[in-house]
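Here come two complexes built around chain A, the first alongside chain B, the second alongside chain C.
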Partner chain A sequence: MLFMILRRIGSGVVVLVTVACLTFVLLYASSSNIARNILGDQATPEALAAKEAELGLDQPLLTRLADWWAHALRGDFGRSWFTNEQVFSAIASRLPVTLVMVFASIILIALVAAVLGMLAAVRRGWVDRLVQIGAVLGSALPGFIIGVFLVWVFAIQLRLFPPISKITPNAGLNLWVLSLTLPVIALVINGVASAAQQIRSAFIRQLELDYVRTLRSRGITEREILFRHVLRSAAPAGLTVLSLQFISLLGGVVIIESIFAIAGMGRLAVEATTKSDLPLVMGVVVYTVVIVIVVNLLVDILNGWLNPKVRVS
Partner chain B sequence: MTEVTPNVAQSAGQAGVVVRASTWHRLVRNPMGLTALVILGVIVLIAVLAPLVAPGDPNFADIGNVLAGPGGGSWLGTDSAGRDIASRLVYGAQVTLLSAALAAAVAIAIGLPAGLLAGYYGGTFDGLANWTTNILLALPSMVVLLAVRAAIGPSTWIAMVVFGVLLSPGYYRLTRTAVQSVRNELYVDAARVSGLSDGRIIARHIFSVVRAPIIIQTAMVCGVAISIQSALEFLGLGDPMVPTWGVMVADGFRNIYRAPLTLVWPSAAIAVTIAAFVLLGNALRDSLEDLEKVKEKRARPVGPAARRAVPPVAVESGTEHHLLKVTGLGIGYPQPGGGRKTVVDGVSFHVDRNEVLGIVGESGSGKTQTAFAILGLLPDNAIVTGGAIQFDGVYTVAPDDDHVHQDRLAPLRGKRISYIPQEPMSNLDPAFTVGSQLTRPMVRILGITKAAARDRALNLLASVGIPEPQRTYDAYPHEISGGMAQRVLIAGAISCEPDLIIADEPTTALDVTVQAEVLDVLRELQSRLGLGIVVVTHNFGVVADICDRVVVMQNGRLVEEGPVRAILRSPQDPYTKVLLASMLENKPPMTPLLTEEKLSPLLTEDELVQAEESLELTT
Partner chain C sequence: MKSRTLLAIPALAAAFALSVVGCSSGTGSPGGGGTAGGAELVLGIVQEPASWDPAQAHVGHRLQPFQAAYDTLILREPDGAYSPMLATKWGYTDDKGMTFSLDLRTDVTFSDGEKFNAAAVVANLEHFKTDNGPQAAQAAAIGSVKAIDDDTVEIQLAKPDPALEYYLSQALGLMGSPKALGSDAIDRTPVGTGPYVMVADQSVVGSQYVFTAREGYWNPQLQKFGKITLKLLADVTSRVNAITSGEVQATLLDPTTVQQAEASGLTKLAYPTDWQGLLLMDRAGKLNKALGDVRVRQAINYALDRETMLKSLGGGFGEVTSQVFGPASTAYVPELDTHYTFDKAKAKQLLADAGYADGLEIEMPVLTPGFETLMTMVTQQLADVGITVKQTSVPGADYQGLLGQGKFAAAAFNIFQGPSWVASKLLLSTDGLYNPFDSATPELTKQLDALQANGEDKAAAQAINTYVTENAWFAPWFRPSQLYFYDAKKLTVVPQTQQAVPSIYNYAPVA
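Right after this comes the complex of A and B.
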């Protein structure tokens, strides 16, 4: 078990280094007009050259990469080219609200999708059909359209929720939760649709296994078979589904934060992208990859703990 | 009794001969598939004929006429820059479809060959490809696309190429799994032995296996690509000069208070197009899944009536003394397209206390189905087509039941009727220890404490010949051998002191030496506890070893019944004679295949050369 965890951490570090290096090269390889982007079209050649020297753009790419790593390892991801804000503090101030939304969403997805998937697998019949139709509809609607229509119906027409969520937790917990409700719903719908369907098939696969029949032959009740045995065996598949959902949520918040004007990491990413604020883009990519790696590691540990073959050895 | 409608026979014939044509037919007959195809057809037509269909120039801005409602100069009104919405929708279809096609094409171009190579050859390439796949799957696509946009600038096409790369793992995994599963199939081996080159084998045998899943995946991928492409445009990260649905949604969203309708048109266009792709994918999958269980609609009582206990039906008097009596039992399964396949037909036999009955037959003879009917463990879609089963003077399947009523059988299962399965390892839950799987039923059924159940389980393990009961008790199923696992299952079957044990091929999965020991255990328990046992087997050796009486089944029917000695010595039915003759024991050894005079070479030198030349020609 310990060996497994160490190996996963090792491979996570390799992934992080690979992705960071590739992203850096991609971002900075075509740095010819970065200085002009920052200073505008009126800048003189001398000013441009000075700016390039200031940003270190006159150095070879590999030198800059090494330089970035030397700073990054000390927690210094540079400064934004436009606001001069520390990349680290820019991200640190935006990350909490994003993580709150993502974790609230993944918990909701896990609960709702598990209940729907189990019901569909066990009851079959009309419940199953309903879940299947819901899954098709839910996966057919892109998150941003769901978000836009939630705003239109619930915030503008019915006035039940604020249309934008510039509220911080300081304004009072109630208001804050209220302001994040629509964004979380918009995030959850796609995830529930696809996760419920996958959890359903994981359950059906388990229910068809031989040992379930043998448990029935021993006089164990359906309820106990379902909640003690099948739920346990289907859990690894469910966790894998959820870890993939988590990754797509990190992409989904980019759009949802823009719709609801939430000052989170996703909106920061869009702003940095539109302005080609490369240090900030780099920082966002690295933080996202770190979050994904940590979550995947947790899922692996949980899966290992659920599987006696891994746990016992 | 077998009710096969002509329709079934016909469609079965079609499936066997022209698979592709029938898949296409089923897709078009499926209302979901047809709708999706029609919608996509219309959208493609609109996109291709955009210059003819569009009422005007999508980029012509009439500043004097912004956010106009439908009607008047333009069908659907104008946007915030006074551009005609209908024209922009029509041209937006072009970008949308092209970007979906581009992403899918890139994903296939990378994923398919990589999957074929990794699946077929394995090795280093496989490891490398898996590693790359894991990295690609660990990245949120949106964040990658943002980084690409920041580096290269706004371009829908570059974004879609990159997105195609991010989608390629889906195709890679699909192809790799499919190839791995057929790589070692006999027909691929045969092709290899007959000298076909790897390229030809991949093209001819393996590509045909992955074709269908790839088409389904592509339908889904197109939907996802449209979703992400419009999202990028919506965020304002696309080329502002290109009319796209995403940009239109963004424009409508900015003017949501003044003209919400401008939001509705492009959103509907996106949703309908994606839904059509998703529906098409689902319909394709449905039309390819022939093997899915077909469930016959039966008038099931709904509501409180469903929960009401079925009334007990009195058994025929004079038969109560039989422990188990099966009378004219028939079991069938509904078939795709209507009709039923009968697997057990008019089977009757009985078992008394202290008696071992063997049910013998080949696989497919209906013996296991009969056993499951006695236990009430038939699959959901099984239909009891006739007959009855009574246990200890009470019907468990009454003469008019069309399926097994669980409330008749649930109280008996585990307590009075128990089951020894065929395959020991797959019949233990891998996530629980042997001990917990043994004690749970005892606590539930006998109502004893956990500690008492534990002592009992240890005794049981000892009594079925397990040398170190405590160690096995604490072990997980993967830590014990198949023979031990089968003993554990036998211990589980007798743990609640049943009257009847149904043993389904209890020794088939075991080594020959272990087989004899397991049968010894069963026989000893039977005589000690006075059990009735039904042994389902295809092996007359097992029958001779343990059974008192035997019934022989063939194709769902009972062909012969009698005491073991009588049947072994003088079988009456020709099928029984064939089964007995196929036994290996007590047969004279076969004569050697090659006798002295036949040891000369099979082919002459010249013939060998000829054969080699013809082989080279084919490659």
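Right after this comes the complex of A and C.
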């Protein structure tokens, strides 16, 4: 098990270094108009040249890459070119709200999708058809439409929730809950739709295997078969689905954060990319890759715990 | 079962959230409210300052937040007139318009306790010149600045700049504490003489900025609120949701959200600040020979159905025009709005006269994402008279840069309609970004020189406008309206001429 973890960490580091270097080269190789973008339409050629020198854009690409790594390894990702905020601070101040939203969503998706998937697989018939129709509808509805609909009903008409985030540095738990309830529901509706379908399939595959028939023939109750045997066997597939859901949620929050004006990582990533705020984009890329690596590692560990064959392989 | 489940989720969440609210201190009531020291102003803003250093201030959206914490030397009234602010008197002291003097107030201090005086003005103007901010060009004509005495400053220009008075009411005129200028601290927290001070622990980059009224402010008439909160709402959906639910009291919307805002009983202000259209930049035909012929450029102007474009692209909010100068500038000539009318036959005839009866091709950039729809419309309308537009996608971050480098002969854009000289410098001067091929003629240069020597020379300004319109240097479509909404039960708001959003002084609580 320990060897498997070390091997996964090692491959994660290789992925991180490769992605960071490739992103850096791609971004900085096309950075010829950054100074104009920062200074705007009034800037003179002299002002543009001064800004490029200030940002280090007059240096060769490899020098800039080496400089970036030298600072990044010390935890210094530089400052945003557009807000002058330290990249680390920008990420640190926005990460909590996004992670809270994503973790709350993934927990709810796991619970709801597992219940719906199991119900559909076990009961089949009209329950199964309902779950499948619901899954198709849920997947077909874009996240922003769900978000806008929730705001219109629950924030504007019923006034139960604020339509935009009220999370500030001094905000209490109540404001966090109020601000994130609708965004989380919007994320969960989309997430449950696809996860339930896949968990259902995993359950059905298990229920059709010989060992289930053998267990039944030995007089073991359906409840025991389902929760002690089938659930454990289907869990790895469910975990994989949820880990993919987690990663897609990191992308899904982009639109939801815009609709609800949540100062989170999604909005930060979009704004940084749109403006070509390269230090910030690099910071966001590193953060995203690290999160993905950690989530995959945790899923591998859980899978290894659930299934000894994974540890051996 | 499915529908029950779906309905149950939000209902349960709502019940949970309500129970949390019930247990809370009640600080989260939507809509906000007044403070003990006076009314509260809550605005939804579209952009935030890059830094709070006054030398990094910008125009429009990114000037308004600065006005909360900084005064300017000269105050620009909503109608564009100039009034005393930190300077009580000002003007040129020579006939050539090269020496500009300002008399200053003597009863003003910065929020860090430093005294405002002539030395502070000198420090600010010199800092503005060297800090390479987005509006550094406002100080480009300044040769030197010196303090004549404690309350008099003299600006010596290296070349005439008829917009100096305007600039001193904008970014160039914002005065920061000399002690803080250039420090890291002023990047994060403003230190000015303005009516409000920022509450640092409630202000978050990318989210909101909170200000409270500054005690002992020298001009209580400009300090109309006890507290100001500026919420960054970059997405128009979040802005319309915020204002219709009362989370903010005023914000800028767009044609797609007007109906929702009006249905909620909000009050609309519609005023133009920009023009939208084509820059026909290659007037000598260096990249595209055809554009060197004035008849081709005029044909493009006649080929455009501006009324349809305004309806389709601007939701009908705005005014069609053929000129690039706005009604608030001295260069504006009302008749030029209709100089080119939609006339396909005339466009085809002009193309035939120029030797392009069989058509021609022009490459134009498409700002992506953003300009896809409008470029599709332009492409279709020009195709109707035989002009093929070859579209090239360009990311938004590169668009201005590529235009300035002369990579395209023509391009669509949305450009600010400032005072005559400001707009002329940007669009027509050989140093201007939007004149990358350095187009110039003796006739135009003569009028530009006259305007530079005397900014009040309305005849020169109008001659410039008439010349570039008749010679089709551009193909404007319309002046889109800024659609600013506010809650009239709580506020009065007056639009600010030539500014995307009202100045902070233009808001007042309803008595």
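The rule is short, and it goes like this: the second predicted complex is superposed on the first by the 304 of 313 C-alpha atoms of A that agree within 3 Å, B and C clash if a C-alpha of one lies under 4 Å from a C-alpha of the other, contacts with A are read in each partner's own complex, and residues count from 1 in each chain.
Here, contacts are C-beta pairs under 8 Å (C-beta built on N, C-alpha and C of every residue); 3 or more make two chains touch, one makes a residue touch a chain.
All of these numbers come straight from a predicted model, not from anything done at the bench.
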With both complexes overlaid on chain A, does A:Ile156 touch chain B (first), chain C (second), both or neither? both
One more residue to check, A:Thr18. First (chain B), second (chain C), both or neither? first
Could you look at A:Asn84 and tell me whether it touches chain B, chain C, both or neither (first, second, both, neither)? second
Contacts for A:Ile38 in the overlay, against chain B (first) and chain C (second): which applies, first, second, both or neither? second
Scan A:Arg216 for contacts with chain B and chain C and give back first, second, both or neither. first
Report for A:Leu141: first if it touches chain B alone, second if chain C alone, otherwise both or neither. first
Contact-wise, after the overlay, does A:Ile259 reach chain B, chain C, both or neither (first, second, both, neither)? both
Between chain B and chain C, whom does A:Ile185 touch in the aligned arrangement: first, second, both, or neither? second
For A:Pro96, is the partner it touches chain B (first), chain C (second), both, or none of the two (neither)? neither
Overlap of the chain B and chain C interfaces on chain A comprises residues 30, 144, 148, 151-152, 156, 258-259, 274, 276
Interface with chain A, chain C side, in the complex: residues 1-2, 5-6, 9-10, 13-14, 16-18, 20-21, 23-25, 27-28, 30, 48, 50-51, 58, 132-138, 140, 187, 201-202, 204-208, 231-235, 237-238, 241-242, 244-245, 247, 395-398, 400-402, 404, 415, 426, 431, 433-434
For the complex, give me every residue of chain A touching chain B. 15, 18-19, 23, 26-30, 124, 136-137, 139-145, 148-149, 151-152, 156, 209-211, 213-221, 224, 229, 232-233, 244, 247-248, 250-252, 254-255, 258-259, 269-270, 272-274, 276-278, 281, 284-285, 288-289, 292-293, 296, 306-309, 312
What residues of chain A sit close enough to touch chain C in their complex? 30, 32-34, 36-44, 47, 50-51, 54, 82-85, 90, 93-94, 112, 116, 127, 130-131, 133-134, 144, 148, 150-156, 158-175, 177-178, 181-182, 184-185, 188-189, 258-261, 263, 267-268, 271, 274-276
Please name which positions on chain B make contact with chain A in the complex. 134-135, 137-144, 146-152, 223, 226-228, 230-231, 234-237, 249, 252-253, 256-257, 260, 263, 267, 270-271, 274-275, 278-279, 282, 295, 375, 377, 380, 410, 413-415, 418-419, 421, 423, 426-432, 440-441, 444-445, 476, 478-479, 489, 492, 496
